[in-house]
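One chain, chain A, appears in both complexes that follow, with chain B as partner in the first and chain C in the second.
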Partner chain A sequence: MTEGRTEVEDLKRNFVLALRKNTKRPSSSTISMNVINFLRKIILVEKVKTIAELLASLHNHAKFLSAVEPTELIIINIVLMTSKLARDELNKKNGNGNIRAYDSLFTLCKPSEPTDMKDTDMKKIKKDLIESIRELTIEIDSCRESISAQSSDLIFNQDVVMVYQLETSKTLYSFLAKTREANRKYRVFNVIPESKNEELNDFTSSIRLHDVASKICETTKVFLTCIAVFPDGSCLVPAGGQSIALMAKRHSVPVYVLAPFYKITPFFIPDPNALNISQRTNMPFEFSAKSAGNVEILQPAFDLLDSQYIFQFVSNSSCIIPAHINRLKEDYYHPEDIALY
Partner chain B sequence: MSESSKKNPADNLKEAFQKLSNEVKQLGMVLGVKEGEQGQVSQPEPPKNEFAKDMTQEEKQKQRAAKAAEKKARAEAAAAKKAGGAAAPQQNQQKAKEPAPKKEQVAKPAKEQNQPKSQQQQQSAKPKEEKIPKSALKSTKNQSNGAPNREVQFDLQSNTTNVLRTSESEEVVVTPDPPIVPLEDAQSLANIHPAFLTLYSRCDKELIFDLEQLCQEFIRSFKLFLSGFASHSEPSTFSKEFDQAIRPQLTYLTHGGRWPLPYALGNIVRQLKREVLKLDSTSPISQQIEDIHQWLEDAESVNFEDAYRGIFASIEPKLAKTKCVLTYDWCPVVNHVLLESVEKRPDLRVCFVDPELNGRAVKHVNSFVDKGYKCQYTDLKSVGYAIKQCSMIVLGCSAILSNGCVATTKGSIQIALTAKAYNVPVLVVSQYFKFVDKVQSYTRMALLGRENIELLPSTLVTAIVTDIRILAPTAAPAVLKAKALDLD
Partner chain C sequence: MAPDPKKPAKEKPLTAIVLLDSFDQRFAPILEKSYECFGFIPLANIPMINYTMNWLLRTEIESVMLVATGKSQKYAKLVENEWGSAFEEFSVVICDGSSSLGDCLREIHNRELITDNFLLISNPSSLTSSTLSQQIRDFRKRRVENADNVMTLIYGGCENREKSVIGVNSDGKLVLYPAATSSGLIKVDKVDFYQNAQIRRDVVNTGIALCSRLIVTQFNDNFDFSTMEDVIRELLSKDDILGLNIHVDVLPQNESAYMAKDYDTLLHLNTLLLERWFYPLTPERVEVSRFISVCPRNIYLEEEDFLNTSMSSRIVLSDASVNVSLGIHTKISKTARIYNSSIGSNSEIAENTTISNCIIGKNVKIGKNVEIFGGFIGDNSVILDNSKFPEIIIGNGVKMAEIGENLENSAICSWQVDEDEFEKIVAQKIGEELYLWQLRNGGGFWKISQGKIGINMSNVEENEEEDEDFEEGSDEDFDVDFDDGFDDSTRQFYDEVFESMKGMQSMANQQMNNLILEINSSKLACNVSVDDVAKNVFAAFLALPGMEDLKELLVLIKKWRPLFINYYKSSDSNATARKLEMERKCQIQMLMAIEEKFDKESANFGPKCAKIVHFLYNDADVLDEEAILEWAGSIDSGSKLRELMEPIVKWLQEDDEDEEEEED
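Presenting the complex of A and B:
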């Protein structure tokens, strides 16, 4: 048991080190893949007797990791998904696979303590769980392609598309590239927060953030990336996305947010700004030396975008209106797991 | 040296062409083309003209006969109508319907007759294609291709258009800028006062940051111009002479009238011209110059120093209740107001927003740091985060138009929209002279051409703080009316 614990501790330490050693934040899909691989190893290494112990262990790890990296909501999301998969395996084994946890009758009749979690064949459940996790890995891996495949349904000839933070989002880039492959002729305004001399690619024309007001009149669609999607349909977008969305709303331009399923966070956060991290600034040394102690430079990483400014979320399965996010979370998360957070 | 080399090279060329033409004729004979046919192809017009000459007399007679028949038919028809009087509408409808097929029947043969003629003309007029208008050529091209043409084409000379081919199907015609009055030559610059030359070059090198500074420097330049002005006329005609002398200076500043003066500066110039024309012609020239000088002094003090104090007095009660104020980009009026407010209330938090970090708003920050005050600084992308903490937005402006729109720096709309989303009031500080009786926005203006200006809609502005009082943006026409009454 001690050896198992030390091995688990080593795994946790290695995972945190791998997450923190990057000077630049890796992509969300990479983080989610790392988390799911970490969980798979944990499930294999840890020796648990019942499913309840397994779930408790997973939640402990989730709390530890969320304390280490409070801004990475993807970690908790993946752990909760894994927990839901474990519950599903148990339900399949007991023959209750068709019962939906969110059905009101089930909620009324459900026992307070899950008695059916005891005396189960953990070897079989673990094996099936590992298989389900492998499927989840495949789904995460193919998420970018699934989102990109919908581009031809959303971008048409003569469209003028405005995007933000294209250089940091591979999903957004592949989304646009896929449409180019379909020989659609459209224009792309790439909004860059800071002026750069180099052009990212040949099919986009870079504009500055303060030029959005003049270019939004020509724009037919706005595509944004997100960091997290909340059940009420609001989402965290890169800083500056809010002002673009406000401008789009004023000019009745639809705003689409690319949201892979692992970014759907099943619980509300009372103050999303608490998650906000400050970014590094590129002010000259003279300014810093002169203003040190007197000037506070605000550089938040995210903006909270209200659901009223979003037309649709482009998820890996389909396009979803913000009001349906609360329904979509049922496919990936179990209500009892969400209640713990 | 051979004989051919001794000859004139032009003669050599003629001989070569002659040989070439003979060979071509021989080749044509071999291929079965007769000399007469060649002549028809190369000179199609003479036979057509001869045919026209032969047929004119007969045709004229026929045409006359046809015209007479038509007249008779019309007269008969008119008589029939009169006789019919109140004929049934159904009959009229039938009559109305009947001529249509006749027209078609007439039109069809006409087209059929025209088609071969046009084809002949096209074949025969190949050497004369240059004389045909371009538009006609393009229309024939379009017809021949059968595909919709996306070209943007103008009837311009070929050397004045640059066609950029972006792709095979798309062509964009770039028209060059309209001709600019050449001001760089010595003759045109000789009439320009050095003070205005300096002002122009300072603007060109972006040494003048904002409109306020530009207006003040313009007034100073004008004072120098006025002090160096030597009149050669009598006192009664001084005002007209001076008005004439001002014109080339303004033409130079506006780049030959190509771009308008910035809104507020245009106001000052307009008022100045009016003052010049209103000068007392009975007083001596020195007195008239002194009057203009005095007006300039007054304008400088009233529009800037006194106005700053008046604006601060107006906005002070509002700022007294706020905890944090946010402003965007650089504006000297806002800087004055905020510095005065912080001196009175050191606990007031001030946040400066720049379009990009290390922009013009650093001047605000430096002015605060120099005096030892604390402040916040951020860029446009972080404005959503910054506005949540603020309870008031104070913006500067270049002008206030008669429809209540505010001409401000680019990006102000995003600030105002975010403020509206968070229910934060937006106040715009403006002097009295920045109200202009215009609603048009210009893509570029003289002297401050590189300054990016956009129009902030009046619906996004809570109030305008002037040196007189706080007004709603919809009160701009009333201010303009009051100004007009003042001037009268």
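Presenting the complex of A and C:
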């Protein structure tokens, strides 16, 4: 540990540094696992007396991390899930664990702030909380598998599937691989951006983004990956995803978006542009000598995809239409936590 | 230690040696009483050393050795505190009293801190978006193939602003490197073309080098080496003796790499960072404990507190502004236009001001209708309304007043320069707490090419006019110097000798031995021929102040006779014929110097010529008669000098005949 910093601060630093150490963004499941591990350590290390203090400190960390890494919404999602778990533990203790936080009567019988629970045995709660966090990790771990399991219900013989940037998503890959195990015969177009090199794959044929328009006529289904799903059913997809979805809409091809539960963000983002970091421009470095400061080059990392272009989200439990996402967030988040953001 | 060729796969990760300081005095106006340490100059409001550490995180480097001078010890500790936990090993090496990279590396060598290959970052502003994994792999492969492949220099694939050139052959081996005095010129021999040397100007040095331990040994063996360039030149010039190879690795076009050497490149680097050329190395993702959000048009806003960060972009600047980094609590008028600049916290910019390519410190107040195109403004400074500056350097706490002075090539500070510490800078008072700093050699602070103040050439004062001529010359599309005539090293030699003589002249106790030593060391440093030495020593002597007066000149010749004897005549009576021949050549060169001086200023110098020659022959006994006769015979028959020399020649010939007669 370095002088002048507490153990918790060191944990935070190391978490952020580990995240930034990567040249490419690690897969979302890796990030969420890292967040959970980080939170578990925090809960173990930090000395809190009441559950309210615990929640406050969790939110504090979440705000810190989201300020440092504003584009990683997964961090906030996981913290909020943990906070919901903590609240559930408390409710279980108090015997009113069955009240659903979103039921309208709930607001009437809303328990007063959990600060009153002085006699609550924090040690016991912490232990239970760690246990339920462990369950959460198991759920995240199995996410890929449960999404892949649905593939045989979605892809059939003679289908022509279009995917975008297959090499960046392990979930998408295993989703396709699962159907192949089931001996379905179908074709896959893998769209890759101009800047990337073609990667040879035994069962996909690679096409460039500008070929999408001609190939979409043959396509029967489009599968996209996403960065975050918002309650209104819109989602952030890797840049270029929107143009594919627009093309699909024009040709009435259904667009499916693979959305593990930890990508469902419980609040609206007023201005998704704020999240949209731009990457390095695709221009060769040679050009920088003359162009730097004179030319504005946009290279956003994501596209915001409106809910009207999405046919269904493939989540770990089932396929959901965009309108139902708002309802789904109840399973994972507590309204009072969401209100803080 | 050479790596074991049997198991190249299991390599220990390299150690990174990072220098925290720059030893260039041109940065003194913004470092002293301000950032104090070069590595802490902010780029997009973040100390540049943090970028370096951040990109090192993405490489295979696990252990970092941060090298700092005694002055920046506390800054080194700050860096250690911030980044120490991010690497497996992090050590700070304080080299007290070091004044160059060479000093630091010698110190490291003496402490035996380097045991293996290492990655050297000789300037904290060396940034790259690459992980260098391919480059490190290639370096190891080359080391295994041949232990004499001692170093790989990493270059970025971008034209450099100094227009410097290098020559590389098809294997990536460095074969040509410009001399210290002119980065845009290299000497090419025919043999280089046979060997497929490629002259490249489309590359930029990044200050990143993959080195074997031998490089440090080179520094240690040559105590006067101060920069990496010295080692590179040494290895290249002694290629046939040492047989050591340097390779150049140019990064692919999708990776960026750059290094700041002067104000011009520093501001360019700032713009590149703001434009996100170094992604994933971007300003908002460098420091863990600061909260910076990015808005469209590359506008970076820093928040004081993470609780205030909102997930929506705010509009704080006019639509025209692009690539701006703002610190906390900045007050910028909506009518101000700001391009490619970073502005420190609590600074204020008033209406209708245009700022472009600037790095502005904290608590700076800039008035209305100001126009600044390129500049570095220190903390707590105030700029008056309606000021207009092209390229300006303003130190800390300067309250600008109306200044009639021409600000070109200078910096403005609020304190007098400490000339003991920065001997290359002079300052003049121009107002209440206002001092105009200038480089002693008249060059500009802004660009390195505007006047070199290399650290190793402490007694070189470059002729500015000459330098500018060079600039213009090298701006032409051809940068390769085929001309073998009066080249640059001779010029440098002449300057150095002139300085040494001037110094000696002003001393009370004139020790010729010391002067001879100085001249000899200049001769070695500039690598000039014996002929050039002979010619330039006397030319420099004739150019000394006070030499217009013949009497004084003759007195000094007498006084400095040991010097001339040393170069033009051996006291050895039984010298070999060959030696005599050499002497004669030297003496002719001496006379050539007189002739050149005569050509330049025949009116003044003309009448003295004959007397000087006569004195040198008769009284000082430096010249021999054969030399004079041979030289006099070679003078252009139409020249006035021939006329002037006629009496001496006649007299000598008579003398000769007399002698012959006597002998008979």
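The criterion applied here is as follows: the second predicted complex is superposed on the first by the 317 of 341 C-alpha atoms of A that agree within 3 Å, B and C clash if a C-alpha of one lies under 4 Å from a C-alpha of the other, contacts with A are read in each partner's own complex, and residues count from 1 in each chain.
FYI, a residue touches a chain if its C-beta (ideal position, glycine included) is under 8 Å from a C-beta of that chain, and two chains touch if they have at least 3 such contacts.
Note that the coordinates shown come from a computational prediction; the quantities given were computed from them, not determined experimentally.
Look at A:Pro284: by the touch rule set out above, it reaches both chain B and chain C.
In the superposition on chain A, A:Glu194 contacts chain B only, with no contact to chain C.
Of the two partner chains, both chain B and chain C are touched by A:Glu296.
In the overlay built on the shared chain, the residue A:Gln242 is in contact with chain B alone; chain C does not reach it. In the superposition on chain A, contact of A:Asp211 is made with chain B only, not with chain C. In the superposition on chain A, A:Pro26 contacts neither chain B nor chain C. Across the two superposed structures, the residue set of chain A contacted by chain B and also by chain C is 195, 273, 281, 284, 296-297, 299.
Here chain B touches chain A in the complex through residues 351, 355-358, 362, 365-366, 368-369, 372-386, 388, 409-411, 413-414, 417-418, 421, 452, 454, going by the rule given at the top. Against chain A, in their complex, chain C makes its touches with residues 54, 57-58, 80-81, 84-86, 129, 131, 156-161, 202, 251, 253-257, 268, 271-272, 275-280, 282, 285, 288-289, 291, 293-298, 303, 306-307, 309-313, 322-323, 339-340, 356-357.
By the touch rule above, chain A contacts chain C in their complex via residues 1-4, 10, 12-14, 16-17, 20-23, 63-64, 66-70, 195, 269-271, 273-275, 277-281, 284-286, 288-289, 292-293, 296-297, 299.
Within the complex formed with chain B, the chain A residues making contact are 193-195, 208-214, 239-240, 242-243, 246-247, 250, 273, 276, 281-284, 287, 290-291, 294-300, 303-304.
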